[in-house]
Amino acid sequence: MDMQRINNVLDNSYNIGKAAIPEGEVASYIPELAKANKSDLGIALITRKLVPFSVGDCETRFTVQSISKVVSLCVALEEYGFSRVFCNVGMEPSGEAFNSIVELDLQSNKPFNPMINSGAIAIENMLLKRLGFDELVTITRKLCNDKDISLNNDVYLSEMSTASRNRAIAYLLDSKEIVKGDVEATIELYTKMCSLNVTAKSLANLGLTLALGGLNPYTGERLLKPETVKVVKTIMLTCGMYDGSGQFAVEVGLPTKSGVGGGLLSVVDKEMGIGIYGPSLDEKGNCVAGKAALKNISSELGLHLFYS
Amino acid sequence: MDMQRINNVLDNSYNIGKAAIPEGEVASYIPELAKANKSDLGIALITRKLVPFSVGDCETRFTVQSISKVVSLCVALEEYGFSRVFCNVGMEPSGEAFNSIVELDLQSNKPFNPMINSGAIAIENMLLKRLGFDELVTITRKLCNDKDISLNNDVYLSEMSTASRNRAIAYLLDSKEIVKGDVEATIELYTKMCSLNVTAKSLANLGLTLALGGLNPYTGERLLKPETVKVVKTIMLTCGMYDGSGQFAVEVGLPTKSGVGGGLLSVVDKEMGIGIYGPSLDEKGNCVAGKAALKNISSELGLHLFYS
Amino acid sequence: MDMQRINNVLDNSYNIGKAAIPEGEVASYIPELAKANKSDLGIALITRKLVPFSVGDCETRFTVQSISKVVSLCVALEEYGFSRVFCNVGMEPSGEAFNSIVELDLQSNKPFNPMINSGAIAIENMLLKRLGFDELVTITRKLCNDKDISLNNDVYLSEMSTASRNRAIAYLLDSKEIVKGDVEATIELYTKMCSLNVTAKSLANLGLTLALGGLNPYTGERLLKPETVKVVKTIMLTCGMYDGSGQFAVEVGLPTKSGVGGGLLSVVDKEMGIGIYGPSLDEKGNCVAGKAALKNISSELGLHLFYS
Amino acid sequence: MDMQRINNVLDNSYNIGKAAIPEGEVASYIPELAKANKSDLGIALITRKLVPFSVGDCETRFTVQSISKVVSLCVALEEYGFSRVFCNVGMEPSGEAFNSIVELDLQSNKPFNPMINSGAIAIENMLLKRLGFDELVTITRKLCNDKDISLNNDVYLSEMSTASRNRAIAYLLDSKEIVKGDVEATIELYTKMCSLNVTAKSLANLGLTLALGGLNPYTGERLLKPETVKVVKTIMLTCGMYDGSGQFAVEVGLPTKSGVGGGLLSVVDKEMGIGIYGPSLDEKGNCVAGKAALKNISSELGLHLFYS
C-alpha cells in the first residue's frame, strides 16, 4: 500500500477521532483511571514490511486493562491447549456488559468467553498454577516488542481497592468449580495484568504479531502457534468489544480488543497491527475516538474482513 | 383448645410427616449437614397458656441455619429501626431460589428480602457494626428460652469452607454499597448465626414469643417491640419458605421460616408457637415432613390465617 | 367498633389520600383510562353489621381492571376446584411487574400466580370453556351486590386496540399448552372482565363478601365456598399489589387487590370490606391515594393481620 | 485449487458428516419436519470458476427455514438501507436460543439481530410493506440460481398451526412498535419464507453469490450491492449458528447460516459457495453432519478466515 495514502488516511482518521471525543467519558469507577487526559488520542500503525506510522499521543503510557485478556488467552492456549482452556470458558458472545454476573449464574456453568471479566478470571486462575506474574510480564513485553512495559502500581492498588465485583465473580466461579481455589491470588494476578503500562505503539506491535500468525515481526521468531493466534483473532472479532462486538464487526470488520484504560488493539490479518490510545469511552467501555478512527481507516483503506 | 384434641392431631400429623420423609433428601452441599439422620422427626408445640406438647425428636440438637434470619431481622429492627433496615434490603418475595444472585444483579440495587441469603448478609453487615456474636447468642437464647444454644463448630467450619457462593453475594453487595466493608467478617457472622444448635422446643418457644408480640411467654418481659414482631411475622408469611412461600401461605396459612438444617419455626398468632425438626428437605430446601405435618395441624385445628 | 371513631379515621385517611395524589399519575397506556379525573378519591367501608361508611367519590363508575382477577379466580376455583386451577397457574409472588413476560419464559412452565396478567389469562381460558361473559357479569353483580355493573364499551375497545402485550402473553401460554386454543376469545374475555364498571361501594361489598367467607352479607346466601375464599384472600395478600405486595402486606396487612382503573379492593377478615377509587397510580400500577389511606385506616383501627 | 484435492476432501468430509448423524435428531416440533429422512446428507460446493462439486443428496428438496433470514435481510437492506433496517433490529449476537423471548423483553427495545426469530419477524414486517411473497420468491430463485424454488405447502400449513411462539414474539414486537401492525400477515410471510423448498445446490449458488459480493456467478449481473453483502456476511459469521455461532466461528471460520430443515449455507469469501443438507440437528438447531463436514473442509482446504 502507498505510504502517502496511509499517512493521509491516518491524519483524517485522527481528526475524525478527535471530533468524537466529547461523546464519551473517561472511566470513573477506578479512581486512578479518572485522572487520564480525556483529549488524548494516539494512533500507531505498523505494516508487515515494518513501516511504522503514528499520529498523536503514541508514546503515552496507559494501562492495558482488558486488552491483557488477549495476552492471557494466548498464554493459556500455549500452556494448556484448546480443549483444556475451553473446558473452563466458552467461545460465545454474551450479549451482556463486560462485568455481568447474570448470564454466568443463570444460563451456564462457565463464563461465556475469555474477553469478559468472568472468562478472563477463569483464565488467570489457570495461569497462576503454571506461571508467575513476572513471567507474564516478560511474555507481554516480547509480544508487544516493548521492554518498558511494567506494572502501574497506583492503578493496581486503586483497582484492588474497588475490586468487589470481580471478587464476586471469582467466588461465584469458585462455587461452580471453574476457579479452583486461590481466589484472592487470582484477583491479584488478574488486576496486575490489567495494570500493565503500554503505549499505542506497543499495541500496534502486538497487533502485527497476531496478524503474522504469531511470528515476531522483527526477528521472525515464532512467539505463538498459528492455531493459538487463529483462535484468538476469531474471539477478538466476535467478542472483543463487549456487547458492541457485533456492530463493530459489521462496521469495521477487524479483530479488535478494547480496554477501559482507553486502548484499542486491532489486527489487519496478514497485513498490519494497529494500536490506539484515547481514554474517552462510550457507555460500553470502548474508546470512542478509536472506534471512529478505525471505522474510517478500515473504510478508506478497504481493510474490512469482507471488503469487496 | 382441648388438650386431648391437640395431642391427637399432633400424633396424626407426626405420622403424616413420617410418611412424607422419603420424598425429600438431607442437604448435601454442606458436608456436615449430610450426616443428619434422615428419618428424624420432632414436633413441639406450646400454647400461650404454656401447655407444651411434643412428639418425636424434640430434644435433638440441629443447626438453625436460615431460621437465624428471623432472629437477625428482629435484632436489626430493634437496633436500627424500620427505615434504616429497609434502606438496605427490600420486603418483596423474590420468586427465586434462596441463594440466587440473578435478581440481585439484574433487577434491583438491594436484596429482595431479609429471608434469602443476600438479604440476610446485608442484615449481618449492619449487625456487626453494633453487636458481637456473643451478644447475638445471648439474645437468641433469650428469644428461644434455651440457655444451651451454642455454636456447632463442626458445621461452622464445614460451611465456611463451602461459602464461595455467599462470598460472591457479599462482594456483589459490597460493590453496590449495601454491604459496607468487613466482607469476610460479615460472612463469618452470617455463618456463625446459621451454625447455632437449637431443638424443636427452642423453636416452639421462639414461635410463641413472636405469637405474643415479643413478650417472654414465661416472664412477661418485653423482648421485642410489637412493631418489630408485626413486621417479622408478615415477612415470614410472604417470604419464609423461599420460592415455595406463596403455596405454603395458601395451604398452611401460618408465618413460618425454614432452615436447611431441617428446622421449621411457625407462629400461630396470639395463640401458639410450633417448632419442627426433620432434615429431609424438598428441592426448595424446606423440611418435607414438617410441611406435611403443619398442613395437617393447620387444617385440623383451624389455624389458617383466613380460616372460616 | 365505635361508628364515630370509624368516621373520623375515614375522614383523616381521605385527607391523607388526597395529599398523596400528586405523587402518582393516571394510567396512560390505555387511551380511555387517561381520561380519568386524577383528583378523584372515594373510600367506601362496610362492616359485617352492614353499617356503611363513605367519603368522597364512592358512586363514580370506573373500570375494575385487574380487580376482576379476584372474581375470575373465585369462579375458576368454584368451577374446577383447587387442583385443576393450580395445575395451570402457580401461587407464588413473582417479584416482577404485572405484565412481565420474562419470568414466564425463563423460569417456569406456568404463570407465577393468578393476580398478574399471564395468570389471569390462563384462568380466563379455563373459564370460557364453561361460562359466557354474561354469566360472569351476573356473578360479578352478585358478589358486589351491584346490579348496575356493566361493560364499559369505550374502555373495552380502547384496550382491545392496545392489547399486543397481552396477546403476546396469551400466545406464549398457548405454545406452552397452558392456554389451550381460543387465544383471541381468551383475550376478549379477559379484556371484557377488565372493562366492567364498578364503584368504590361495589368493591366494599365484594370485600365484605370475602371477609364473611363467601356469604352474601345482606341475605346470608352462600355465594362462594369457604375454601375458595380462603385461597383467594391469601393470594390477594401475597400477590395482590403486583411487585409491591410484600411491602404492602408489611405496612397495611390486609388482603388487597389493585386495578389500573384506580380501584382497590380490601378485606378486613371477618369484619369489613373496603373499596377505594382513585385513578392516580404509583409506578407499579397501584392507587397512591388508596395505599396511603389504607395504611392509615389499618394503623388507626388496628386492622393489620398481625396487629398486637 | 486442485480439483482432485477438493473431491477427496469432500468425500472424506461426507464420511465424517455421516458418522456424526446419530449425535443429532430431526426437528420434531413441527410435525411435517419430523418426516425427514435422518440419514440424508448432501454437500454441494461451487467455485468462482463455476466448477461444481457434489456428494450425496444434493438434489433433495427441503425447506430453507432460517436460512431465508439471509435472503430477507439482503432484500431489506437493498430496499430500506442500513440505517432504517438497523433502527428496528440490532447486530449483536444474543447468547440465547433462536426462539428466545427473554432478552427481547428484558434487555432491549429491539431484537438482538436479524438471524434469530424475533429479528427476522421485524424484517418481514418491513418487507411486506414493500413486496409481496411472490416477488420474494422470484428474488430467492435468482439469488439461488434455482427456478424450481417454491412453497412447500404442507410444511407451511404445519408451521402455521404451531406458530404460537412466533405469534407471541410478533405481538411483543408490536407492543414495542418494532412490528407496526399486520401481525398476522407478518407471521404468514415469515412462515412462507421459511417454507420454501431448496436443495444443497441452491444454497451453494447463494453462497457463491455472496462470496462474489452480490454478483450473479453465471451472468455477472449485480444482484446485491457490495455493502449489503458485506453486512450480511459479517452477521452470518457472528450470529448465523444461533447460540453456537462463536464456537463455529472459531472452529470453522466461515460465514454460515443454518436452518432447522437441515440446511447450511456457507460462504468462502471471494472463492466458493457451499450448501449442505442433513436434517439431523444438534440441540441448538444446527445440522450435525454439516457442522462436522464443514469443519473438516475448512481445515483441510485452509479456508478459515484467519488461516495462516
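So that you can tell them apart, the chains are marked A, B, C and D in the order they are listed, and the count of residues begins at 1 in each.
The rule is simple: a contact is a pair of C-beta atoms (placed from the backbone, for glycine too) under 8 Å apart; a residue touches a chain by one contact, two chains touch by 3 or more.
Computed from a prediction, not measured in an experiment: that's the story for all the values here.
Trainee: Look at all chain centres (mean of CA atoms) and spot the one farthest from the centre of subunit C.
Mentor: The chain lying farthest from subunit C is A.
Trainee: Centroid of subunit A to centroid of subunit B, CA atoms only: how many Å?
Mentor: The separation of the two C-alpha centroids amounts to 48 Å.
Trainee: When the centre of a chain is set as the mean of its C-alpha atoms, what distance in Å lies between subunit A and subunit D?
Mentor: 32
Trainee: Could you state the distance in Å from the CA-based centre of subunit A to that of subunit C?
Mentor: 54
Trainee: Scan subunit C for residues touching two or more other chains and write them down.
Mentor: Where subunit C meets two or more other chains at a single residue, that happens at 106.
Trainee: Output every touching chain pair, sorted by label.
Mentor: Every pair of chains in contact is listed here: A-B, A-D, B-C, C-D.
Trainee: Along subunit C, where are the residues that touch subunit D in the complex?
Mentor: That would be residues 100-102, 105-106, 164-165, 167-172, 174-175, 183 of subunit C.
Trainee: Along subunit C, where are the residues that touch subunit B in the complex?
Mentor: Result: residues 90-96, 103, 107, 112-113, 212-213, 226, 229-231, 233-235, 237-239, 243-247, 249-250, 253, 255, 269-270, 304-308 of subunit C touch subunit B.
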